[in-house]
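In the two complexes below, chain A is the common chain; its partner is chain B in one and chain C in the other.
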Partner chain A sequence: MADLAVHDPLAGAGTWRRTRARLGVHLALGAFALYYLVPFAVVVLNSFRSLDDIGRHGLLAIPTSFSVAHWATTWNTLCVSGGCAGIAPFFWNSLEMAIPATLISTAFGAVNGYVLSKWRFPGSEALFLLITLGVFMPGQMVLLPWAITLGHLGLSNSIAGLVLIHCVQGLSFTTLFCRNYYINIPDELIRAARIDGAGFWRIFRRIVLPLSPPILIVTVIWQFTGIWNEFLFGVTFSSGTHQPITAALIGLSAAGTSVHQYNVESAAVLIGAAPPLLIYLLGGRYFVRGLTQGAVK
Partner chain B sequence: MQYAPSPPSARPRRSLARFLPQAVLAPSLAATFLYVVVFALWSVWIALSNSTLLPDYSYAGFIHFAELWRNHRWTIAYTNLFLFGTLYVIGATLLGLLLAILIDQRVRAEALWRTIFLYPLAISFVVTGTVWRWIFNPTSGVQQLVRDLGWAGFTFDWIVRRDLAIYTVVITGIWQASGFAMALFLAGLRAVDPDLVKAAQIDGARMSRIYLRIILPSIRPIFIAVMVILLQFAIKTFDLVLALTSGGPGISTTVPAIYVYDLMFQRGQLGEGAAAAIMVLLALLLVLVPYGVWIGWQRRRERAHG
Partner chain C sequence: MASLGIRGVTKRFGALAVLENIDLDVEPGEFIVLVGPSGCGKSTLLAMIAGLETPSAGEIRIGGRVVNDVPPKDRDIAMVFQSYALYPTMTVRQNITFGMESRRVPRAQQDAAVARVAALLQIETLLRRRPAQLSGGQRQRVAMGRALVRDPALFLFDEPLSNLDAKLRIEMRTEIKKLHQRLGKTTVYVTHDQVEAMTLASRIAVMHRGRVQQFDRPRIVYERPANMFVAGFMGAPAMNFLAAEVVIADGRPALVLSEGAKSAPLPVPPVGPGVMLRAGRRVVLGIRPETLADAARPHLEPGSAHAVLDGIVEVVEPTGPETMVVVRLGGREVVARFDPDAAPTVGERVSLGVDLAKACLFDPDSERLI
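So, the complex of A and B:
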């Protein structure tokens, strides 16, 4: 990294001016941080408040009540999307969908990336281009074909159907990521291994995979977050108790006429946001790396 | 190129092994081909067919496109996309840039600020939209808060106003995406050649001038990347609006992606829905094709200049 002192915009300024400017920068950042944090604080605080308290003082108020009971209600008995078994079944649906789809699409992406970077053949660049086109395809374009295909396969309104969709759609993304990472592994390494008699899978296992953790972590984080948060396919291809959590949560905001149980709904919203948020907080470095790589390349 | 022909004496097993890479790639290729080419053409066919409530593959020409463009709701939807897209892209880009510049001033606890500004990107549009709906709600959110603080006449009811509701979508969209712009800009700012900045400082240039004249021009490719990606988000916007306003009040915040869904699955107009989906794809291509051409041109130029 560059010598940071050189980049100091306030180098040479007087000490007082310098302190004042630094204070200004931090105050500005703090003000913006409010804009970003208020919505989060609102749901966290309201998930512990009583309905009476919320009704009297509004959602944006200092809590005058505290209870963890709403969390149990949300998890076990909240009525949403045609059932009253709480948010739990939808949470499990989302996990059941996101975990296999993430693992399968990442595994295929790694092998595809390996072929497209280290075992290139005439036409492989064109095939790579075709695969990456899938990244940009808007979901609306494939809704009807998927609906008809899932119907024929007997996978309508099932988690398996959503797993299939996310695997196929995710392939483009994982292949793109892995290929762009593996291209930086020196070809000499591969060539030397081939001279030593190592074959396709052996080279993958012994050389490429051990170098892969950084890109695999990025890919898994991005796939999981994307699939967990996905809504269009979830709401189109599942209904009732088969829905992933994002599709079920829309019921909360759409219930415009009934009286809102804001505390229970806040907890539901937090549960819906928790897994990707946790991953972001734990693996933020990889999250950002995936972001910048995916965008700039 | 990596492949090498096996010696002629190779056993059949070995010559088969030569095609292992292709064989490994085949299932993914088949799936992607199906997804990208077959499904897209299938949708085009549906758009050109007589399909209404059920698929009917007899050719109908462009009647569904004509219907679509005559439709008042569609006019509202794409007008909203233009308005939302413009404000959202500009807003998120500028805010992201500002945050990146602030963070680049050797602030304390840099990682903490970055984490705060970027976390909305990890959260689904449905969650984001739901929470902001509550905040904008006049009887429970900001309006109520300010009135409770003593300003009884305060009004902030954009979300229930036909003419203003679209701006609540803009505010929420910027909240969600500006951290993304910040992360990209920050990466760009960190990659600027420090010698350039040093030279300008020695010449006594003010920092604001250095940013405007030296640093920002040198990260122009990042500006373009950020704006293209944000535009792509804007065109695909669906769940955010659905959770925030359900396209209302009335149909005042409908966007094309919602309209597609509505035609296909609420109104049983498969043909017109597919036609609308194709318009969404065209809008994306309008953004992505010039960008792809520009990137290709840049790469070639870089290669030519070493």
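So, the complex of A and C:
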């Protein structure tokens, strides 16, 4: 095309200015990313170094040794939280806690959201406000009430007790997510289904749930990550072999008596961080998409 | 087929009265159109007939049975929504069978019903698609199919054509009329399009401000509108209103226009039985554009009550088959209809022949037809 040949000095200057600006942004972002990733890299590297190597060259050094043996030690025989069966039991504890709590709180959130958006009743808006209040409630405020409740239910120091806590504590978020997503499903869809003879649960199962995967993925990722990483309730309401992995890791750093086995402890920390990281790597894409997507295009 | 009876139905949302004291009696097999401007409560009334909303007062009967406390699924109705409300994650077939599935209709019977409806609406080739893969017209057909498959006592339509383009809308309008002629089901149809109302209805209920203004056959609603609102709402371009006063000429009542437009006293249009017009009474003369036309055109039968008014052309609007002309008569602008061949130009002085046999008189205070 003819106008491509025309030389535009201003256009050239604009391009250079834009390139410079972009370069600056990328450099700044790169610096932040580095700052964020260096500690992670240090932990990863240390988990493969021998204690001797770490002792001689310090924590921040290029590895001169490499072994995966510390990972096996961590998993099977590490002494932590009053036992020497490795980190494995605590890892299973966490899974045993996080999976049911995630599924149950998400299921309740979906049903709550469905009721609060599609089957409103006098006072349902106020109820919704009360439920979302929980989002802003700091965990330490509810420690005492939970201690009393767990004691009454006979669930103190048990995984079941932690599951119960996380189900209830998670309801605020899951309800908020689902309700705000379902509010975008047109009411006429529900009305049509009612005329078609479908009741509360059939409409939920056949109309609302099939539209829900984006928000359910978001909710599951959010809940699982939150519950897995949580340690205040874990430390407060469990001890010994009933602790989730986050609480056990705290015990590790607080041990204080013996010499720190940095390599083994690094591996333990990485094992503790792995599941949420894995979930994010697998589902992060859907997480972002689900947060920005409406129910019906 | 079933009758539908609405007695004294009122609907309030909090303090806001949306519908007040609605009475409608629909005979079995009738096609009733609820028409009115946006927000007048048409959808709300339809939702109450469907059982999706509860009346604040009054009674709704379907087939003689009071259904106020009957849930939608037990009212034996089918409904087509303005947005079509197709279930987005289901195929067309599943959309159509969902109701039967909920009612536990046997599989073989479902298949037969789908085949029948798909053939009727010519959507056989679409059965495996999802709503997102359909055009607007196709979605509309599927929404109709979902209602037709029910074989209900009562059909409810809430502005089913308003999301279609003009051409498709007219096509589907004809199809809906054909379907009704074929199936003969009692139907309540909501629209704010007065042409749709005129073409489809056996009777029209014109609604405004939560009340039924008139409930009658299309022709009566058009020719003898109960009040100035109905007169202005039905018909496009809208009816012309001219202020006038009754005088007695040659011992008979006649009209003189109040605002300018010198003319001989006009003959009085038909009025209701037993109405006596006294001299000096102020009235509003309602003239439809098509009865106000080029005086040279032979639309006035000799001997009928007519008159000629002179005015200046202000705007000329050709529509194709006819040309609408805005004419200033004294202080008032009126719309008259001209043949495209005989259309005047702006600024020209024209003579308009008025067919007063087809005009209406309204009371300026109550706005009711005299």
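Rule of thumb we're sticking to: the second predicted complex is superposed on the first by the 258 of 297 C-alpha atoms of A that agree within 3 Å, B and C clash if a C-alpha of one lies under 4 Å from a C-alpha of the other, contacts with A are read in each partner's own complex, and residues count from 1 in each chain.
Keep in mind that, in the parts below, a contact is a pair of C-beta atoms (placed from the backbone, for glycine too) under 8 Å apart; a residue touches a chain by one contact, two chains touch by 3 or more.
Since this is a predicted model, take the numbers as computed values, not measurements.
S.K.: For A:P186, decide between first (touching chain B), second (touching chain C), both and neither.
M.R.: second
S.K.: Just chain B (first), just chain C (second), both, or neither: which does A:L144 touch?
M.R.: first
S.K.: Does the superposition put A:L216 against chain B (first), chain C (second), both, or neither?
M.R.: In the superposed model, A:L216 contacts neither chain B nor chain C.
S.K.: Applying the touch criterion given at the start, work out whether A:V163 contacts chain B, chain C, both or neither, answering first, second, both or neither.
M.R.: A:V163: touches no partner chain.
S.K.: In this superposed model, does chain C or chain B come into contact with more residues of chain A?
M.R.: Answer, by number of touched residues of chain A: B.
S.K.: Counting contacts the way the document defines them, which residues of chain A are shared by the two interfaces, the one with chain B and the one with chain C?
M.R.: Common to the two interfaces on chain A: residues 199, 296.
S.K.: Under the touch definition given earlier, write down the residues of chain A that touch chain B in their complex.
M.R.: So the residues of chain A touching chain B come out as 1-4, 6-12, 22, 25-26, 28-29, 32-33, 35-40, 42-43, 54, 57-61, 108, 111-112, 115-116, 118-121, 124, 127, 130-131, 133-134, 136-146, 148, 167-169, 171-172, 175, 187, 190, 199-200, 225, 228-232, 236, 246, 249-250, 252-254, 256, 260, 262, 265, 269, 272-273, 276-277, 279-281, 284, 287-288, 291-292, 295-296.
S.K.: Give the list of chain C residues in touch with chain A in this complex.
M.R.: Checking each residue of chain C against chain A gives 47, 50, 52, 71-73, 77-79, 81-83, 85, 87-90, 98-99, 102-103, 132, 146.
S.K.: Quick one: in the complex, what on chain B touches chain A?
M.R.: 1-3, 17, 20-22, 24-25, 27-29, 31-40, 42-43, 46, 55, 95, 99, 102-108, 111, 113-135, 137, 139-142, 144-145, 148, 175, 179-180, 183-184, 187, 190, 194, 197-198, 201, 207, 210, 222, 225-226, 229, 232, 235-236, 238-239, 242-244, 246, 257, 260-261, 264-265, 270, 273-274, 276-278, 280-281, 284, 288
S.K.: Once bound in the complex, which stretches of chain A touch chain C?
M.R.: 186, 188-189, 191-199, 202, 206-207, 210-211, 296-297
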